[in-house]
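Several structures are given next for inspection.
In the two assemblies presented below, chain A is common to both, partnered first by chain B and then by chain C.
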Partner chain A sequence: MWPYLFIAPALGAIGLVFVYPLVQVVRDSFYAGSTDTLTYVGTANYKNVVQDPVFRHSLLNNLKLLVTVPVMTALALLIAVMLNDRIRGWRQYQAIVFLPYILPATAIGLTFSYLLQRNGVLNTFLRDAGLGALAPDWLGSASWVVPAIGGVVVWQQLGFGVVVFTAALLALPAEVTEAARIDGAGWWQIQRRIHIPQIRRIVEFFVVLEAITVLSQVFNYVYVLTGGGPGNASSVLEFYIWKNGFSLGSVGTASTVSVILLALASVLIAIYMRLRARDAEV
Partner chain B sequence: MRRSIPIALRQLVMVAMAVVSLYPIWFLLQTALKTNEQYTLSPTGLPSHPTLENLRQVILELPVPRWALNSAIVTVLSVSISTVIALLAAYAIVFSTMRFREALLRVNLGLMVIPPVALLIPMFVFMVDAGLINSLASVVIFYSGLMVPFAVFFFVNFFRQFPVELIDAATVDGASPLTTLRRVVLPISKAATFTLVIVNAIWVWNELLIALVFLQDENRRTLMAGLTLFQGRYATNEPLVLAGALVSILPVILVYVAGQRFFVRGLTAGIGK
Partner chain C sequence: MIAKRHPLAALLVIPVVLALLAAGCGGGSSSSSGGGGSADEGDLTYWYWGESDAPGANKWMKQMIARYEKLHPKVHIKLVPQATDTLIGAFKTASQTKRGPDIATQWATLPVLTPAWTGATAPLSDLIPKSETDNWISTQENISQGKLWGMPQYLLGVPFVWNKQMFRAAGLDPDTPPATFDDLLAACTKLKAKGYTPIGMGNKDGYTGAWFFAIYGKSQLSSVADLQGIVTGKAKFSDPKYSGFYEQMAKLRQSGCFNDDISSLDLNQGWQLFPRKKAAMAWTTDGNALTWAKAIGAANIGVGAPPRFGNGALASYYTTTQSSSAMITSWSKHKKAAAAFLTFLHTPAALDAWYAETGVFPADKRFSASRITNPVAKQLYRLATQKSVWGENYLPPQVDQNADLPAGQLITSGSGAPSKAASLWDTVLQQWKTQHPDEYQHYQQWANG
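Moving on to the complex of A and B:
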């Protein structure tokens, strides 16, 4: 009997915070109106949403931001293989690159909103370096704002990859590397053929987790850096949900986009669960 | 090693990485210590006459201490609640022969990575109906629940490394499961629990979206939700805004410096074995 008593609070919490909202959000996506006077509208919300240019643009921005995942993965791998050689100060370097990852994205966003202004620190630096042509109004230009947000995301998430990859590399058996070296393999060859393949699983986990993050947890950056602007240029799905739900009071529309976001994320969630199941078998 | 990247080049890459990682944090710090005039004249220069005026204003004249207190209350409560709930559940999952354990763990895994934004609208409506909007309880409830799946996963992985004999011995001695958990399991789980608490505390402290939506009354805001008000109100006083941001990151940095190894272990627990 006791196991059920022990597990009851967890089931209660999950029921309230996960199961109930998940069921309710799907239901709400078929209704329109404000919270008190909801009327059933079938799939009308879905039809309206997919025709809304702001929704399409928000979705496109999330997809564009996915580009940050291979970028941060490659950078983190490069840094990790160098740290793995235990170059002087590697622990300190690791601690430094990890620091941004734990800081509140709100404070980070405020800081970068000043650094990336038209005449902000980054552009001053670029102009002084004679690269004035590469100094756009990062957050005020419709074409540069998403890459700029992506840059901040990479800046903050990179350290997570570095720490995870370095930990995995340091745990690898030295014999294999030694054998390869005796056989005449060069440094790059050892990294590419021996080291990185051995930590492949960890890299896969990282890629999936970061893809989920970039798809569904970048509200903070957008809200503080640009407020979705200029216009709706930097809106993402989360921002669209927030705006419709809490600024425009359209619960149906917000719920519909929540369901769409959930559907997109569930592909990644399924991959994550498969990776886990595979790891458990070993 | 042949054809490796020369040491000098590697150090150069690392130094560049360190500068890029630290500069924005340094910029935040030095700007918070400048007067608005100094900042306008020289945004990048060192603070020639560092001043604590912005920090004084932020702490004594603006509701930052109130917000920080709200954040602290929310953090302590929701982390404690979720940790206790998860401890009990994980203990039952690992040390009992309860049915559906594997199915439960599988579902739990999926819940760990569900985007909170998808749950936001129904939870908001729920909190409105329950009369909890603008009450710290609303975010405490939501945060506690959101943290349960990862905490369960974390403790299950940890408990599975335990020798079962330890638990069996206690049971044979007639100890109840709750006593065994408190007297046998908890004392050897201190480091793991501490790790989880740190990681979750940082997550709650940093959270914005939910706090922004649930706590709209100015005095009920958390520090992060409060800071976003600064941006609009003091748009032309960057040092003041960043002094607020500085207050928000200081506890995080202190915790990081004090418990770095716990951090790394906890934050990487979602990856690998």
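Moving on to the complex of A and C:
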């Protein structure tokens, strides 16, 4: 009995901070109106949300942003394996690459909102270099706005991947690499056949983590860079939730989409746990 | 006993039980009625917005607070300036928790009346005598159930401005602005031929589109009832009578009349093009027009009514509003003190100080037009005191944010046809009715008088 009493305060805190909001959000997803005038509507919110083209487009944008995950994974691995060769100044390079990760997303968004204007710094540079064809309206074009946001996400998150992969590579036993070199393996073969397979679990962890990030932690970028525009073209699920729940007081709609987002994130977490379980069996 | 035999189950049950208990105890609103208090005593918090409309507004308000606190030492006022894009949302959150400011700012009509209908604000007509409120201009924008819910501070007109030098260079008459849509297109062509950007605006935040609705959405309408009909469902927005102005907006874009970066600049950024002589024309505020007159020279700026796009009775109406209104919250424990302060803001000295600081016209009949000596300001005042209506005020906040703003962005970014913009309105209007049946009911009652 005593052990349970000892952990009861912690469980209480978890219950209040985690479980209670979860229960409340699920409950609110079956109601319409503002917080003080809620009306029970059953599953009508779910039907309405699924029929809302802005919701579907927001979900599609989140799925499009998932493309950034293999991009930043590949880039982070490439940089990490290069730094692992202990090239001169590798620690400084690592710090430079990691720096964006520690900057606040809001500050990054504000800066890039100026850099990526149609006549902003980037496009002016491209035009001056004779590359005007590569200077679209990054933030004002429905076609380019999501790739632009994806680019900013990759720029910021890349450093985290580099640090994680570099640490994993540094922890590998040197003897295996040495043995491979003695056997005549080239640099690329060592990376592909020996180093990367050995850090597979770290890579899987990073992929799942970043997938969850682009699903549920890109609000800052969208809010500051585009406000969801132009014409909802860059809306994502978080932004949809914020707009409906906090900006407009449509608690039911916001809660409904929150439940859907939780379900999507749970799928990713379940995949990750399955991978871990599979590795444990091996 | 159960915990001994099934410790894991007990481990899981405890947080769930606690959470359900908390859910049962939580929810629902806390007590909402604050007391009236004394008119001469209290700590007030004022969520204030106005600087975007009237540069200098924040400075003026701080001066007024300092003066008022000197006259009423037992009253302390904390000013909290608000951001444009969270103005509605922040107050919505406060009104749901019944905690927050004593005085708050919201844009006129629906943003003021919506919280009033949910009991978040107190009627000013119950706290301030009619002899005082009768002097305020544009109070009809905030009347519901026979009561006044918001105090106007200033009048915001939307003049059309043009650079006379650029007009002259392009072979246009500098003293004759475009009077119709066709005139505007023709002026765009000539200005472009001369290498000038015809119109400088910003629509990344959606507000150029919202202004387009406010100025031109009424072009084919006969009365305010027509505007309300869009919301009550008596008419569909996709009817060209209501949404036809999007065709004209699209033509302006296709003709290259707008600056090419209109979609990556927000409204305030887009407005910088005109005073920097990078654009020849703009729709702007009275305050901006006066500031720009100083920047490019009063002789070089023309101000007038926007070109007329349609033939409805409201097409000839100017677009003026009190824009932002001050409300007293229902949970405030110092309603009388709040009302007394708001009344103070309409004393002659305060009105004169407002005009001196911002150049924007006070919304009060006691402000003497003889104080306006600037020739550009005189023109603007004549425009602002014409018959007018601001269509956007009649939209529920959700419809304004989810339809009005993004629909205009579809046009200026070229990512959607006018039909798609109109369809967005119909979708959002239906969503609003479904998600806020209470607001819809209140709106219908208000629209039906």
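Just so it is clear, the second predicted complex is superposed on the first by the 261 of 282 C-alpha atoms of A that agree within 3 Å, B and C clash if a C-alpha of one lies under 4 Å from a C-alpha of the other, contacts with A are read in each partner's own complex, and residues count from 1 in each chain.
As a convention for this text, a contact is a pair of C-beta atoms (placed from the backbone, for glycine too) under 8 Å apart; a residue touches a chain by one contact, two chains touch by 3 or more.
On a predicted model such as this, the values are computed, not experimentally measured, just so you know.
Q: Counting only touches as set out at the top, which of chain B and chain C does A:Gly33 meet: first, second, both, neither?
A: Touch status of A:Gly33: second partner only.
Q: Which partner chains sit in contact with A:Tyr20 here, chain B, chain C, both or neither? Use first/second/both/neither.
A: Both partners, chain B and chain C.
Q: Based on the superposed arrangement, let me know which partner A:Ala107 touches: chain B (first), chain C (second), both, or neither?
A: first
Q: Is A:Ala142 in contact with chain B, with chain C, with both, or with neither (first, second, both, neither)?
A: Touch status of A:Ala142: second partner only.
Q: Of the partners chain B and chain C, which touch A:Pro53 in the superposed model: first, second, both, neither?
A: It touches chain C, and chain B stays clear.
Q: Given the superposition on chain A, which partner contacts more residues in chain A: chain B or chain C?
A: Between chain B and chain C, the winner on chain A residue contacts is B.
Q: Considering only the touch criterion stated at the top, classify A:Phe6 as touching first (chain B), second (chain C), both, or neither.
A: A:Phe6 contacts chain B only, not chain C.
Q: Applying the document's definition of touch, where does A:Ser247 land relative to chain B and chain C: first, second, both, or neither?
A: Only chain C; A:Ser247 stays clear of chain B.
Q: Quick check on my understanding: which residues of chain A belong to both its chain B contact set and its chain C contact set?
A: Looking at chain A, the two contact sets intersect at 4, 7, 11, 14, 16, 18, 20, 22, 24, 35, 120, 246.
Q: Can you tell me which positions in chain B touch chain A when the two form their complex?
A: 1-5, 7, 10-11, 13-14, 17-18, 20-22, 24-25, 27-28, 31, 43-44, 82, 84-86, 88-89, 91-93, 96, 98, 104, 106, 108-111, 113-126, 128, 141-142, 144-146, 148-149, 152, 176-178, 202, 205-206, 208-209, 212-213, 224, 227-228, 230-231, 238, 241-242, 245-246, 248-249, 252-253, 256, 260, 263-264, 267-268, 270-273
Q: Spell out the residues on chain C that touch chain A in their complex, using ranges where they run on.
A: Checking each residue of chain C against chain A gives 3-4, 7, 10-11, 14-20, 22-23, 26-29, 85-86, 88-89, 92-93, 95-97, 118-119, 203-206, 260-265, 397-398, 401-402, 405-407, 409-410, 412-416, 421, 424, 427, 431, 434-438.
Q: Can you check the complex and tell me which residues of chain A touch chain C?
A: 1, 4, 7-8, 11-12, 14-16, 18-20, 22-24, 27, 32-37, 39, 44, 48, 52-54, 116-120, 137-143, 226-233, 243, 246-250, 252-253
Q: What residues on chain A touch chain B, complex-wise?
A: Where chain A meets chain B, its residues are 2-4, 6-7, 9-11, 13-14, 16-18, 20-22, 24-25, 28, 35, 79, 82-83, 85, 87-89, 93, 95-108, 110-115, 120-121, 124-125, 155, 158-160, 163-164, 167-168, 181, 186-188, 190, 201-202, 205-206, 209, 212, 215-217, 219-220, 223-224, 237-238, 241-242, 245-246, 251, 254-255, 258-259, 261-262, 265, 268-269, 272-273, 276-277, 279.
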